[in-house]
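Remarks on the structure that follows.
Chains: A, B, C and D, in written order; residue numbering restarts at 1 for each.
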Amino acid sequence: MREDVIGRANVEDTPELEAYYRDLERYEAGALWTVANKIEPWQPKSQSVPVLWRYDDLRSHVLRSVELVSPEKAGRRVIYLNNPGRREVSAAVGWLYSGLQVMNPGEVASAHAHSASALRFIMEGRGAYTIVDGHKMPLGANDFVLTPNGTWHEHGVEASGLPCIWQDGLDIPFVNAMEANFYAVHPDLSQAVAYPVDDTTHAWGAPGLRPAGDKWSKQYSPLFKYQWGPTYEALSKYAKSTAGSPFDGVMMNYVNPVTGGPVMQTIGATMQMLRAGERTKAHRHTGSFIYQVAKGKGYSIIDGKRFDWKERDIFCVPSWSWHEHGNASNSEDACLFSFNDMPVIGTLGLYREEAFGDNDGYQLN
Amino acid sequence: MREDVIGRANVEDTPELEAYYRDLERYEAGALWTVANKIEPWQPKSQSVPVLWRYDDLRSHVLRSVELVSPEKAGRRVIYLNNPGRREVSAAVGWLYSGLQVMNPGEVASAHAHSASALRFIMEGRGAYTIVDGHKMPLGANDFVLTPNGTWHEHGVEASGLPCIWQDGLDIPFVNAMEANFYAVHPDLSQAVAYPVDDTTHAWGAPGLRPAGDKWSKQYSPLFKYQWGPTYEALSKYAKSTAGSPFDGVMMNYVNPVTGGPVMQTIGATMQMLRAGERTKAHRHTGSFIYQVAKGKGYSIIDGKRFDWKERDIFCVPSWSWHEHGNASNSEDACLFSFNDMPVIGTLGLYREEAFGDNDGYQLN
Amino acid sequence: MREDVIGRANVEDTPELEAYYRDLERYEAGALWTVANKIEPWQPKSQSVPVLWRYDDLRSHVLRSVELVSPEKAGRRVIYLNNPGRREVSAAVGWLYSGLQVMNPGEVASAHAHSASALRFIMEGRGAYTIVDGHKMPLGANDFVLTPNGTWHEHGVEASGLPCIWQDGLDIPFVNAMEANFYAVHPDLSQAVAYPVDDTTHAWGAPGLRPAGDKWSKQYSPLFKYQWGPTYEALSKYAKSTAGSPFDGVMMNYVNPVTGGPVMQTIGATMQMLRAGERTKAHRHTGSFIYQVAKGKGYSIIDGKRFDWKERDIFCVPSWSWHEHGNASNSEDACLFSFNDMPVIGTLGLYREEAFGDNDGYQLN
Amino acid sequence: MREDVIGRANVEDTPELEAYYRDLERYEAGALWTVANKIEPWQPKSQSVPVLWRYDDLRSHVLRSVELVSPEKAGRRVIYLNNPGRREVSAAVGWLYSGLQVMNPGEVASAHAHSASALRFIMEGRGAYTIVDGHKMPLGANDFVLTPNGTWHEHGVEASGLPCIWQDGLDIPFVNAMEANFYAVHPDLSQAVAYPVDDTTHAWGAPGLRPAGDKWSKQYSPLFKYQWGPTYEALSKYAKSTAGSPFDGVMMNYVNPVTGGPVMQTIGATMQMLRAGERTKAHRHTGSFIYQVAKGKGYSIIDGKRFDWKERDIFCVPSWSWHEHGNASNSEDACLFSFNDMPVIGTLGLYREEAFGDNDGYQLN
């Protein structure tokens, strides 16, 4: 790891030094210059690699799990996404976990709570619902729902519904890494529904308005459910008045209406629209991202490699990786849902961004 | 002003003291005990009185002003509301100004800016619009629009429209009292429309979402227009899941989506629904309020006096006045728009509230 | 009030309009154009005038009050400062009240609380103390102490002390104007000392450190006392490393250590040093200021008028008045204590500042 | 990893499932229930172990490095502390790096910048200084200095000084883990001293005061140096008025005077005093801590194991480890400096704390 650059470690091994290093080991110590260039890289090099998970590949395996295990035995019946560079911590990218969960009509998972923050993005089915601290919310395709850190939560599918599949997103690897993860099973295994169905959506899901008497002191959004209908309408309206980002098209962040900031303290989420025929330019920035294609078809070029995607496919962009997106249709818009660790990166002062300068901003691939 | 209570001033005038007081006057000084009980009251006693301004009374006079003065001569053609206790500062209540402005199709007022914060609530007509710092917004009945402190703004009615009347609300008296009011006429007398019509509504008027790349550093809301349609829908949904406030029924605050706080630094605004047959209990609190009836009919009892109102009527509730509201209909809801100085009161630590304890919470009247 | 400027009201009285105005009065209304130019001035014109209160003039009168009234009868034995333009609201400038309070050894004032925020700056004597919510603090000359809004507080002089005089500063006129002032006499007339003497100074008066477990949720500073010794030392050190402000010399704000912001929500306070021979340039800004000369002698030029001052003199600078300061000594520094309504002005977005452009920045006088 | 508890994964391997698992691997996926109990522990189990690094052991080795490598070759001449459980990431505990750096009189390290936040705590010597973004600060024993993320910084020892040793603390492992570390060598290899020596200490190191015109918008403290003298005085004063924490004695946090919050966004620092004879009770909480003994001698019991320490010794407490401290002297106080990742833990909502309930709060050891 020697570098012949002033200001960097460049020490040749000698017998005397090697003896010295062994001495240091006895005292749980080492010489910084033997690791300095490794632990202080010029710029980040992610351990994660870009991956595309095709729904056509995964769906049948997800459905097969229904026959293979019960929710009771499995805890939760989930197929999780394993980044080749992050298998050790069961992450899909960086410190973010993701998986596909499936439930049959009438099934319900036991209620639990954990320090990790969690979200769900509904992929297919009918009759899914989530209960968060007593607030029950029915969920449909492309709905986005939070189960924030510390909340009791459980999922189910109404007996009258259809088999449901959704994507889970959590920061379990991060909270584990921070050595701060706690887990609890609800003493009654399931919660009572303590409020009118969809009450937090009714109270907090209005544009430019908030309930007057409702004091909310939690650090996450009181709006737990973000429905697809109003979200797509919002993007469509915003598209009428904005040129959009050169890197991301028409992009909106899901926010905590109490603060205007991210929905949870450790996970942010975004929906973006690539207009018909739109192709964005490449940039890179710190932070790890997992995308699900909510609508349409297209492709992303990540660190020079092209990934073609269509509705329900999932892919990831590691930290500091070049990425650009294209809509493959010239008549229909395409929409990408994504979640990320940007609240961590931003809050802690670790955000940095760079535009791709060559080739008019487009990577070669 | 003597009070025979320990801890209060209770000094009898004597010739010696009177001579002493005259001495002090020569040095621009006085004896505190001669004014202490007056300037330190046990509780607030507002200089304002409750007033109901009936639209039936005012409308014809407002329309008559069209014949009497031109916008050019008048600056703005407005009939303002004069609280009998606040004539000196031209306030409708406390330090809040309000007036009814009228414009004919094709008319446009000259663009200006001031340190006072302003808002408009549309009462009738067709084709009204406001331009704020280059952002143009068409306005319909019950739409609420901001023209924040320091912004260039102007109002007009499209040539194809109908005569329009709206209520203005400003904190001119307050900013004057703070000796901080500046006024400027736009150098070109009118602004260019610099953005797509309704662009801030498209960008910031979505529930639970905000434009991803848009950094907003101003201290007022980037959402300038709050439309009646979504506002009424929001109240109707919220009504399904809340018991409501005992004092205010189903109430929502208009908010700055960037902060979740008030729309401007000195003026807050609220829309509340009194459900069919609803009658609220009385409370009082610091802060001055001006209401406009957006929908329905009913009454308010303010410091023991009943005021019957219907759509478009305006009334005020002075600081620390008991007040309660009733919907006169058993089948239709009623909606009250209001604006207030609560951001000032709250930010500065001056809020206090009290429920009416007697008679099961209802004032006698 | 007519102005022949486009965008300003310029309507001639006619018999028809006069009749119209009378009609409007019947409905508690008026025509805006009759008052618009008055209530929307081009820039602020303060109702206050600059005043210098010489301690040589006031001291004997203050001491004489000891013979004339008892604290029991007077409530508090205070000579207050009366700005000729603000007699109606008993203000020394703008909405700020100030007075000189005197107490003999062994005297104690009854404990009370009010919504107004208060401060004290000690002028002379020995043995003075203040108790705030059970925290007792001995006070010496040039010490600055807070009795924030809503706190129980009382003052006294130890029996072993000397007669003490201090300056009171409050926002009573402002809180009255906001119709939000409440007053209460302590049920026991005096408080028990519930903590070690000077405990908040010990906990919160350290540079760059705060007590680790102490959660402070009040909106005012937990550090109630700011001692002269460390304050003068701080200014002296800062003077070594700063060029200082062209308008104010070496100036530091007293702050709430929990937030780095002003000591109370409605009143800010400042200590500034004019170095030997220093003469500052003129500027003006919104906000009202009351100064006390803590050390040295010099002069201030306020709106073109020169005021010569020395230690213990008090003077005021009204909002938007030009002002500049000079140290009359070429060998000793001079220090000015001041308090102001800048937290109100700043929090509400009403601050504006302008440098004096002519004559190299110095007013003629 | 099976657990026979409802709500936990408890699936037996079968040939069919094993085949299924192999299928999933082909698609970069896995079955959650095979890893769920591992990645969702009931409570944190730190990878770090408690370690005591005795200065008597390390000092000679640190000094020997002066002969073995030059600062030019080494980059920085540092012996770093290697937690047996965290060798892979060169951390002393959790995600925190620490090392002992030595410099001879006249030596100077090249200036650089990195995304990691850094601090120094001076152990011995004379003439040490640090330059941060052009601000030079002389440093003595027990002084604490910041070199925040993104700042240019360099260290040196005056030619007239003595060999200096200090402890470095950084979050390099954390910023690496977040894949957000950037490193740059200063183009001139050293900075010009652009301000008066100690200027930020003069401006920001005062109790309850801040420079009036100095707007500071960075997210870290503008006060870079916290001197031992005022720090020890602060603790001594605070000790007079507080009972102290049952777990930590008399403890104060170093703070950013602009916000009252932690000195940097990712690293907090604390100085605590154990009074003569004081023995604290045990608690545990999330967050990783590295201590240096600034004064005195005593012991800490960490997860049941006793570590005896004296001045200059260093030890660590891993996340969620029980710990308690004792002063071994009945006549002298002992002081512990520590730094930690609490700003990360706290900002992200991951703090949890628990008192040791048995044995009157004391661990057996």
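In the analysis below, contacts are C-beta pairs under 8 Å (C-beta built on N, C-alpha and C of every residue); 3 or more make two chains touch, one makes a residue touch a chain.
Remember, predicted model here, so these are calculated numbers, not experimental data.
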item: Label of the chain whose CA centroid is most distant from the centroid of chain C; value: A
item: Separation of mean Cα positions, chain B and chain A [Å, integer]; value: 43
item: Interchain centroid distance [CA atoms averaged], chain A/chain D, Å; value: 30
item: Chain D residues counted as touching two or more neighbouring chains; value: none
item: Chain contact topology (line, ring, star, complete or other); value: ring
item: Listing of all chain pairs that touch each other, if any do; value: A-B, A-D, B-C, C-D
item: Chain C residues touching chain D - in the complex, by the definition given at the top; value: 195-196, 198-199, 201-213, 221, 223, 226, 230-231, 233-234, 237-238, 240-242, 245, 248, 251-260, 270-272
item: Residues on chain A engaged by chain D in the complex (per definition of touch); value: 5-11, 16-17, 20, 23-25, 27-33, 35-37, 39-47, 51, 53-54, 57-58, 61, 64-65, 68-69, 72-84, 89-90, 94-95, 97, 99, 110, 112, 114-116, 149-150, 172-173, 175-186, 189, 219-220, 265-266, 286-288, 318-320, 341, 343-345, 347-352
